[in-house]
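See structure below.
Order of writing sets the labels: A, B, C and D. Residues in every chain begin at 1.
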Amino acid sequence: MEKLSFASDYMEGAHPEILKRLIDTNMIRSAGYGFDEFSESARNRIRKACNAKDADVYFLVGGTQTNAVMIDVLLQPYQGVIAAKSGHITSHEAGAVEHTGHKVLELDHIDGKITDSMIDSLITKYRQDENHEHMVMPGMVYISQPTEYGTLYSRKELEAISSTCRKHGVFLYMDGARLAYALSCPENDVTLRDIAALCDVFYIGGTKCGALFGEAVVIPEHDRIPYLFTMIKQHGALLAKGRIAGVQFDTLFTDGLYDRIGQTAVYAADRIRKALRDKGYTLAVDSPTNQIFVILDNEKAESLADKVELAFWERTDDSHVIMRIATSWATSPEDVDRLIDCL
Amino acid sequence: MEKLSFASDYMEGAHPEILKRLIDTNMIRSAGYGFDEFSESARNRIRKACNAKDADVYFLVGGTQTNAVMIDVLLQPYQGVIAAKSGHITSHEAGAVEHTGHKVLELDHIDGKITDSMIDSLITKYRQDENHEHMVMPGMVYISQPTEYGTLYSRKELEAISSTCRKHGVFLYMDGARLAYALSCPENDVTLRDIAALCDVFYIGGTKCGALFGEAVVIPEHDRIPYLFTMIKQHGALLAKGRIAGVQFDTLFTDGLYDRIGQTAVYAADRIRKALRDKGYTLAVDSPTNQIFVILDNEKAESLADKVELAFWERTDDSHVIMRIATSWATSPEDVDRLIDCL
Amino acid sequence: MEKLSFASDYMEGAHPEILKRLIDTNMIRSAGYGFDEFSESARNRIRKACNAKDADVYFLVGGTQTNAVMIDVLLQPYQGVIAAKSGHITSHEAGAVEHTGHKVLELDHIDGKITDSMIDSLITKYRQDENHEHMVMPGMVYISQPTEYGTLYSRKELEAISSTCRKHGVFLYMDGARLAYALSCPENDVTLRDIAALCDVFYIGGTKCGALFGEAVVIPEHDRIPYLFTMIKQHGALLAKGRIAGVQFDTLFTDGLYDRIGQTAVYAADRIRKALRDKGYTLAVDSPTNQIFVILDNEKAESLADKVELAFWERTDDSHVIMRIATSWATSPEDVDRLIDCL
Amino acid sequence: MEKLSFASDYMEGAHPEILKRLIDTNMIRSAGYGFDEFSESARNRIRKACNAKDADVYFLVGGTQTNAVMIDVLLQPYQGVIAAKSGHITSHEAGAVEHTGHKVLELDHIDGKITDSMIDSLITKYRQDENHEHMVMPGMVYISQPTEYGTLYSRKELEAISSTCRKHGVFLYMDGARLAYALSCPENDVTLRDIAALCDVFYIGGTKCGALFGEAVVIPEHDRIPYLFTMIKQHGALLAKGRIAGVQFDTLFTDGLYDRIGQTAVYAADRIRKALRDKGYTLAVDSPTNQIFVILDNEKAESLADKVELAFWERTDDSHVIMRIATSWATSPEDVDRLIDCL
């Protein structure tokens, strides 16, 4: 029997519907670089789901790539991007943003989230500084939905952030690597339409949400970034067989699959959270999506490690660690039972 | 009936064996970022095929990405890369190499190829220049096998180039985007083992050779590039589900599939070449692989365009163009018959 | 009468000795790019003063340029530089370090200083992180002497930092933009020889210490950075008439001028500090060099502004600001008298 | 007696008027970063000389720096700069332009010059290419006046180039490192006013034209490049004591000094050219300014080298070389006599 693992949400291949569609379309000939019928269909379905009929949609391969490319093309050379200290771009992308020449202006976070007033303060402070001409200027705000801690921005919070960004003329960018797990979450009140209305650029995650790979970048305002196609190529991020991403997103946006694909994960996570609480465990963060952060003492962590693979998150003190439990679209009820038995 | 197309060699999905393997392995859980069993197996098979047991092997997504990342990490900041004017990095990668900060030092080409003596002259000229400290220093030679014109370096030519590079202490890098079509070509006398022995870094193309996507970078000498994993991540080129590339290359290197996969294409191209010659067409280049460059007068080009999709290559004068005919692993004999009938 | 100003330490031209020497040597012909007799002499005098006979010495133009170029050439692409949040590179160089592709890993500071244990913790944390291969790796520590707050590292502190850096194999880089004001300070116990023994690279500031412009980069270990000349050129930082910097540093290191040039400033600052304390002002930082940071209430700040130009530093609350008073080699006793009268 | 040298035009310090002015203004206190009275006066004098009252004027330190910074800030990331193969940016700036991420699109040259039709052809070819979205797009034309071969663009030629650039919407940038030697040349018919009317950005050279250092960038259209100040800082190209450049250019543009300063050089070069022709030497290029390119056989080159220092330019064949003779504002009639005697 395969060892139980809740280490991450990208341990399997793809959702069966996606694989099936890849097989069915395999020998149809199509143009390269996204100029194929599948990509065109996927773009239209995404536009519709986002209620953004003029949106530009591009399919990139992975999250770090998407963040680095889009932040680089959106920012002016003298601008930086505001992000939470816990943001993926801040810590776990090997400096990909700085590699493109831009500074990440870090904010403290509350369970992975930042607020409109924190953003407002930073921008105001930078712009009013006597030395502002010698400083990096904030040009964009980066947020994740759900965040790296599995938490969610409410619509009200997102509206406030968006409004602050627009007041100051800085872009709002949302990293939706795990967006399906937000959309499937009962506590979530932010729809794709809300996101498209409130963000300047965002991406709909595929890699962690059931695709083999792929992230769909959505730019609600058409032609906001001239020559984007060429710049994607220049960053080495243009897929020759764009159809492979196109087919996947076309499937994900057929019959509401993307809205449903995270349900299994969130339901599984809810069961695990309940079991943890019932058994007296302490959760480090109150997250409603597919990631659970549990505080364990060293012995418990070690004994659990024999039975189930979890992800190490951080050490809180000499005798305690935070471990992450991640569910996914592929998590089976049996595995959840087995995990709960181990706890 | 679908319109006949010989426009490129990446118009279909993947070779059926690859798709089958993706399906078979789909629900097996594995670690991310290439630390999975499939990638490990693929690396071992490639090491064996290359007779390079210590080689480092990384799977990247596409050709431009692979070229840009590897050239950037191999070169020192003050170095440039020598390449043919016809080289893919020189003209059709949107300046991806320059985007990483390095100059392409261009050489004239002979049907897409450069020679050891051209390389030797350029390096000598640069190094002996009175102003050499104010100049970009050659740090690498970039060649393609087959070249962008479908031609091949012979083993003797490759040995001479390799020897020149080693004499001068510059890296030899081979772009093998279409390498399968070289390996399957009767005229070819350069094996994977030769390439591994003569080049410092090269990649084995997947995207144009039957994979959904993917290029296998081979660095015969272990740990030649410290922190390469992190630098791949930093360039946005690290696949989260590395297994998807791993499974594909594991399949391509099982039972000699990669050696055979180009045969259909080369056989088809040979038939087309013969038909073109028999019908009195002029070929622009004498290429033995899966790409054919034929000179057409304007009327012929227009009348053909109604029946078959070809790729425009360049205009030679007011009344003539060069069109490219590309075959692939997926080209059917029936389509070749139909094309020949059109000519 | 010119308005009194203590706004910065680079408000005048150059020390008279320097100007005199520029005049005396003006019509002597010499080679460009630092291959002149004056630069050679200056390099030798600096080597002697640093007790570093094999040191490589380069003359660059300004502080931000020197920091950006040297950090970029010292770091590997996947590395970042550790610095205090108050470090000049962190905040007031318009993101010049990030512009070269490197992240600044920020540490909290104590009056502008960081400690060996803070450095040790950060490096250990980064290197031991489960995700360290997805993170920027610390490759260098950046410190300033004196710091941006006018404070000084003691020899003991510097030894501890150096030892920590060497233990971890990261470079120690010192920004000496105002180094003369440290060397002239009675409280200072760190000599040029200590710095050369303890740092991997540092620069001796000219611009803020009596030169028209210029910073002398010292690399105690010969040829530590191959092709540095070319990389300086590539960064646009190579002076055509290198002699102009050479003559200035040759003068600054003749007859101990650099050791003495800050005395006037420190003596003036001491008088001002005493006056401030006597009159009941609160100093924000206990700095012994040429920069004084005084907390003023808004009314006082406004009334002072009519009589003397100071530099705004930061707002501490709604009714108080920190203003910086900077003295220099050119500060006259009369101006100090006038300032004290105003307080 | 000092050895005779015609090796370059930057072997001395500065024109005596400039030194005098630096001395006279030395102890006047002023703001940093170009916000001083001298820089302001210099900017106004330059605006007047260029008949460009709204022009933005910035003082940078050297030619390579100016080219790299200005080309980088003017181009979009996906754009490259068209230049002659002989252009300074193409060959002798250590890849500084590529270091900022941009490709140099090289054109053949005629004695250092390129033509409007060559530019038109290249732009048309790139824009109409089937693969243009995968290619670097031309965004700027770089020319030098005088060129690296000492030749001059006529007003008619410059008008044609300017008109071609405007037709295609690409910037025209002029490198005026030696502009004084063009303005002082009897054959020249291009004034500063013409240049300001026909170019989008250009710089007036100081380093090679009598200043200690410094280049004045002129952007005739106000605010064409937002945040240029910050981007100059970010590139490490902002002078702290901007006054030092300001005083120098203020002097160069007082009483027409810049118009006259090259006269001595051109008159000396004319005498040398006449002597060379009279004695039967062959000139490689017919250049009317301060640079002379003479073809020498090896023996003659060697025997001359004992008596006078010249600059090696290139080897034309096994037995001949081209040597460059450069005069400057500081060349004395006596030295010209001595040189002619040696020939």
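To be clear about the criterion, a residue touches a chain if its C-beta (ideal position, glycine included) is under 8 Å from a C-beta of that chain, and two chains touch if they have at least 3 such contacts.
From a predicted model like this one, the values you see are computed outputs, not experimental measurements.
A.B. asks: Hey, which pair has more contacts between C-betas, A-C or B-C?
C.D. replies: Of the two interfaces, A-C and B-C, more C-beta pairs touch across A-C.
A.B. asks: Based on CA centres, what chain would you say lies at the far end from subunit B?
C.D. replies: Result for max centroid distance from subunit B is chain C.
A.B. asks: Determine the centre-to-centre distance between subunit C and subunit D, using the mean Cα coordinates as centres, and give it in whole Å.
C.D. replies: Each chain reduced to its C-alpha mean, subunit C and subunit D end up 33 Å apart.
A.B. asks: Return the distance between the CA-based centres of subunit A and subunit C, expressed in whole Å.
C.D. replies: Using C-alpha averages as centres, the distance is 42 Å.
A.B. asks: Report, in whole Å, the distance between the mean C-alpha point of subunit B and the mean C-alpha point of subunit C.
C.D. replies: The separation of the two C-alpha centroids amounts to 50 Å.
A.B. asks: Enumerate the residues of subunit C that touch no fewer than two other chains.
C.D. replies: Counting only residues that touch two or more other chains, subunit C contributes 77-78, 93-95, 99, 133-135, 230-231, 233-234.
A.B. asks: Quick one: which bits of subunit B touch subunit C in the complex? Just the residue numbers, please.
C.D. replies: 72-73, 76-78, 133-135, 137, 227, 229-231, 233-234
A.B. asks: Which residues, counting only subunit C, touch subunit D once they are in their complex?
C.D. replies: Listed in rising order, the residues are 2, 5, 7-8, 10-14, 16, 19, 22-23, 25-32, 61-69, 93-96, 99, 207-208, 212-213, 230-231, 233-241, 243-244, 330.
A.B. asks: What residues of subunit D sit close enough to touch subunit B in their complex?
C.D. replies: Interface residues on subunit D, with respect to subunit B: 77-78, 80, 91-95, 98-104, 106, 130-131, 133-136, 311-312.
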